[in-house]
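I have a structure here, written as structure tokens, and I will follow up with some questions on it.
Per-chain residue numbering starts at 1, and chain names A, B, C and D are given in the order in which the chains are listed.
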Amino acid sequence: MAERVRVALIGAGRIGQRHATTLASAIPRAELAIVADVHGPSAETLANRVRCPHWTDNPRDVATDATVDAVVIASSTDSHAALITDAAQAGKQIFCEKPIALDLEATDRALDAVDQAGVRLQIGFQRRFDKAYHQAKELIDKGALGRIEAIRDTMRDPSPAPRAYLETSGGLYRDMTIHNFDCVRWMMGVEVTELFAMGSAIVAPVFQELDDIDTSVISLRFSNGSLGVIDNSRRSGFGYDVRTEVFGSEGALMIGYSRDTPMLRLDAAGVHSDHIYWFLERFDQAYIDELKVFIDCIIDNTQPPVDGKDARAAMTLAYAAEASRRENAPVSPSRFARG
Amino acid sequence: MAERVRVALIGAGRIGQRHATTLASAIPRAELAIVADVHGPSAETLANRVRCPHWTDNPRDVATDATVDAVVIASSTDSHAALITDAAQAGKQIFCEKPIALDLEATDRALDAVDQAGVRLQIGFQRRFDKAYHQAKELIDKGALGRIEAIRDTMRDPSPAPRAYLETSGGLYRDMTIHNFDCVRWMMGVEVTELFAMGSAIVAPVFQELDDIDTSVISLRFSNGSLGVIDNSRRSGFGYDVRTEVFGSEGALMIGYSRDTPMLRLDAAGVHSDHIYWFLERFDQAYIDELKVFIDCIIDNTQPPVDGKDARAAMTLAYAAEASRRENAPVSPSRFARG
Amino acid sequence: MAERVRVALIGAGRIGQRHATTLASAIPRAELAIVADVHGPSAETLANRVRCPHWTDNPRDVATDATVDAVVIASSTDSHAALITDAAQAGKQIFCEKPIALDLEATDRALDAVDQAGVRLQIGFQRRFDKAYHQAKELIDKGALGRIEAIRDTMRDPSPAPRAYLETSGGLYRDMTIHNFDCVRWMMGVEVTELFAMGSAIVAPVFQELDDIDTSVISLRFSNGSLGVIDNSRRSGFGYDVRTEVFGSEGALMIGYSRDTPMLRLDAAGVHSDHIYWFLERFDQAYIDELKVFIDCIIDNTQPPVDGKDARAAMTLAYAAEASRRENAPVSPSRFARG
Amino acid sequence: MAERVRVALIGAGRIGQRHATTLASAIPRAELAIVADVHGPSAETLANRVRCPHWTDNPRDVATDATVDAVVIASSTDSHAALITDAAQAGKQIFCEKPIALDLEATDRALDAVDQAGVRLQIGFQRRFDKAYHQAKELIDKGALGRIEAIRDTMRDPSPAPRAYLETSGGLYRDMTIHNFDCVRWMMGVEVTELFAMGSAIVAPVFQELDDIDTSVISLRFSNGSLGVIDNSRRSGFGYDVRTEVFGSEGALMIGYSRDTPMLRLDAAGVHSDHIYWFLERFDQAYIDELKVFIDCIIDNTQPPVDGKDARAAMTLAYAAEASRRENAPVSPSRFARG
């Protein structure tokens, strides 16, 4: 492996732009070699902006391009599995945004391709690279909280995504809650053995029209008897709300709530502060650090801290939540285990 | 009604002592006339401490004493229903700690006695008189949050109560979660139509031995489609943890986390503050204000803001939660509606 | 000394009313025997409200009344010195609001009378009895901050007092900053050897008209080389602002900022909380505790933790500050030491 | 002016490394052309790290290099004035770390050279580009606080710089407090007309040995009658402490205190959070934004928001503070006005 990893970026949308900046300027061991997007002008504009020398409107060519070492897949979800498969078969190292696919079958086929090729696959669960979450995990693992007994994980977007996005999103659990599913598995260090999901479509008419939900609470039982709850909303009314609380026999950790600036305004009406409004702000540094770790894994020949098995496990929980909600009964995720 | 209400206090335990101090010194319109406790020396000691002229070891006499206008019942739960019935039949105004009884049948019989006597019955759900909760309710009712969509209500004790207490407590849902059940009903302003309860006994062996639980999460669906979650623990590992979050279309309210003093300590290890450890500290003023309101209702001839119907409704939810947990299925509280 | 201390309260104004409630109901070892105020109807109203059996419009009679053990002086400042002298000569134990007098000569004469009579004199510097300040002092004294190097002490009223009050207040330093002077002496545990005071009258025209100031910063040097700063304003624009920061070689303590309730409101404009608006709220418990300590000192025959010498020392600093401001030069408080 | 500004960086130390990363990767309109440091290996290492094609050990050559448009001066203070003069005479746009020089004469000569050359000079007072300070200034300027009456500005380093640094630092006021002097001038929008400085050397023996101070409080009077206070320490005992409070007739702003992560840890000992330890963390984004603004000013032909006059004015206050401290008397900064 050369001193610097040559990376192809696939997808020039919101998160692709974020990764392009990181790869082009913030990781000395990486070199952004080419930007690909099925919409050529988007690829070209982004390549110019970050001074990347090449661009293309054919992502699948890029996945197999002999001059690149790794691919970062930030295109739309429905393209992930095929790109992973192509890239794996071409021997590329792979970073892919969640989820691998909206159905478990396609997920499993892509993971098989990765396994057979023996390449690395890192999934873009960025919370795992956030400084606060990272420190929390370390404290938990070294026993600072004693025996872990419960977790509360909440996530609310400031406002619903556009209808076009929602139509192909796979629904709340596979699109949004999947971050929480990964978070609770990671934090607790044990697997979910049963969950019960309750959902509602009350935020905006579009969710009912799409047979989707916008508000949800999910109860979770873990293999060691500890309990958890995940609650979500597609619209918070105040900003981006990501908070996690972990309770143990010796104390608790609470992650959140994030201010944008350390300024208070005081007047006769009270004390006022700001807050983080958007996930790209909240996880700004985590989006950089996850790619740094990916590049380091390639050069240093180590395993990514969050991989295809984690993506599959989180998707299994999303399947179980959807089944629980529709059946109005608790469901064991083992129902969706690989045969 | 005289200018001052003559009150008999029944029960000289922890919460009875709190109420005695309030009645003896903090409410000009009230006069503590007598303290009763089946354990005579406790009654005597408390009466002396607050300079109350009379005491007795026979609570049932007191409930019917012609010289008192009202009774405050803070004795053990198993005595509540009979005392309410006696006091009601004697025409006394009644303040009673939660719950009225551990079973719905006894609850209903006591409420019938109150109805037939036409006296007032206020229940000691002290959160309703806490300044923060009170302001939150006002903001919600005047629409400051827009349409309400979700509530998260958490409650953790610092450490488990003694085994003797737990043995007759009625279990987590009827003893502890009942505060949360009242809180979510009050805050949301609509009724719970379905709930699912998941419990675990992992905090201490005593809970398993008593066929009780110490950790729980409950999902709630309200009649207007909004959702909620209640989570409890018998031991937090850090102090008294009572927090409530209400989410609406226009924003959110978060009640908690309570510092004991406004002091920060900063050193090389970080920034350190204290926290409220015990419920009597957290709700110090609320315990005074609930009795003030009770006395005012008597003199001003108005209805208590939290009454027997509220106690019955909260107990119904506790029944439903217990049923859900044991059946491992969602349950409608209507199953326990009065025939 | 009898089991309970019979107390005469002099002064039925704002702070007198606060003390009356405390003495009548919150201190088992005290008994409020009589309320005195030169304005008879105020005394009568207050006595009735707290169920005190006697009242009078002649405070000086009360100070020498053979049936009382102690006096609590909360009348206007110009009456303090004479009442202290009378009460001391009659052998009463004395609690007096700050300051003893607006001039040092009268202060010294009153202190002489106390000394000669051998009675106790406690001064109403309530911060010393506040839980946060008390804990801070303990941490400092046990070395948790290492060597103390600096203190910042700030105090701002929500809005200026009425003109009538200001006319006889003695000016900013003797009326308001005197609390800060006591605080910094107490916290630092060493004396001020030099100070420089800068003042301005910009908040309201009344201050310029009275040759007073409404805004001030004072630099302080202590005998051990540590430094301090006190800043004051007669109007904060947002509430009652009392904060103290102490810096040492091993860390720092910050006291303040005080919320009224533990509730946050979040909306698209940000995060909003309330704050304490008035000193009677901020020091609510301290006003009770200072009288408890006073009564305990009498019964247990111990010395009050803040006495006439402390009052004199704080007034000396006020004199020095006024001199510094007028001379526009640093001043040593030793200039005003007792001859 | 070409589309991208070619920049020479002078100085490969701590802050130079920070600027190199920014210029190399975070500002699309800038191109880092060369790195210069009198210690050649430092220049070479830094150039390699940020992939800058050229380096040199001769900063003065760079200041006049025909192929660069602008210089960023981050070398040691004693070299600033000569480099500014050279660069100005060569027609370069100039960004220079504070201060321009430790004496006013050299400062004035450098500013004359800039004026005569008609080039831009921006000074590295990074607080002006911090989001919180920037928003505070906007709120103040649009009247959100009403009439401004007072400012409190504090700054404490985590621990003293090495002796070698201190020996040539120019002392506390010219090295550290100069940031506060710029901050209060900027925030208040009016000039200081009088100040009084009190200093002490108690943190470490080195300060006394160097006839320097490590702890200071400075009282300030502004031309409109408002007051201020600056307090500094060379060692906080807990981290980097930069806080500013501005008080007006309608309310106040408080900037600080900065957490490193949004995580709380709760246990039986209390609630624990972290804090920002170092200025490069606290002002991370401000160090990027100040260079962005500098590059924008060059391309868009506008004036830098903080220039040589501001640097001179802050240094004037440092001179006045030093004079006040040594004379133990208030001093007017006009004493050091340019002739």
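Keep in mind that, in the parts below, a contact is a pair of C-beta atoms (placed from the backbone, for glycine too) under 8 Å apart; a residue touches a chain by one contact, two chains touch by 3 or more.
Just so you know, these numbers come straight off a predicted model, no measurement behind them.
Visitor: Provide the labels of all chains in contact with chain A and in contact with chain B.
Guide: Of all the chains present, those in contact with both chain A and chain B are C, D.
Visitor: Can you check which chain pair, A-C or B-C, has more C-beta pairs in contact?
Guide: If we tally the contacting C-beta pairs, B-C comes out ahead.
Visitor: Work out the mean Cα position per chain and let me know which chain is farthest from chain A.
Guide: C
Visitor: Report the inter-centroid distance (CA atoms only) between chain B and chain C in whole Å.
Guide: 39
Visitor: So what's the Cα centroid distance for chain A and chain C, whole Å?
Guide: 57
Visitor: Quick check: what residues of chain D touch more than one other chain, meaning two or more?
Guide: Within chain D, residues 236-238, 250-252, 257, 259, 266-268 contact more than one other chain.
Visitor: Give every residue of chain A touching chain B within the complex, in rising order.
Guide: 145-147, 149-150, 152, 154, 156, 194, 196, 198-203, 215-221, 224-229, 231, 233, 235-238, 241, 247-252, 328-330
Visitor: Would you tell me which residues of chain C are touching chain A in their complex?
Guide: For this pair, the touching residues of chain C are 236-239, 257, 259, 266-275.
Visitor: Going by the contact rule set out above, which residues of chain A touch chain D in the complex?
Guide: Where chain A meets chain D, its residues are 24-26, 28, 49, 51, 131-132, 135-136, 139, 144, 250-268.
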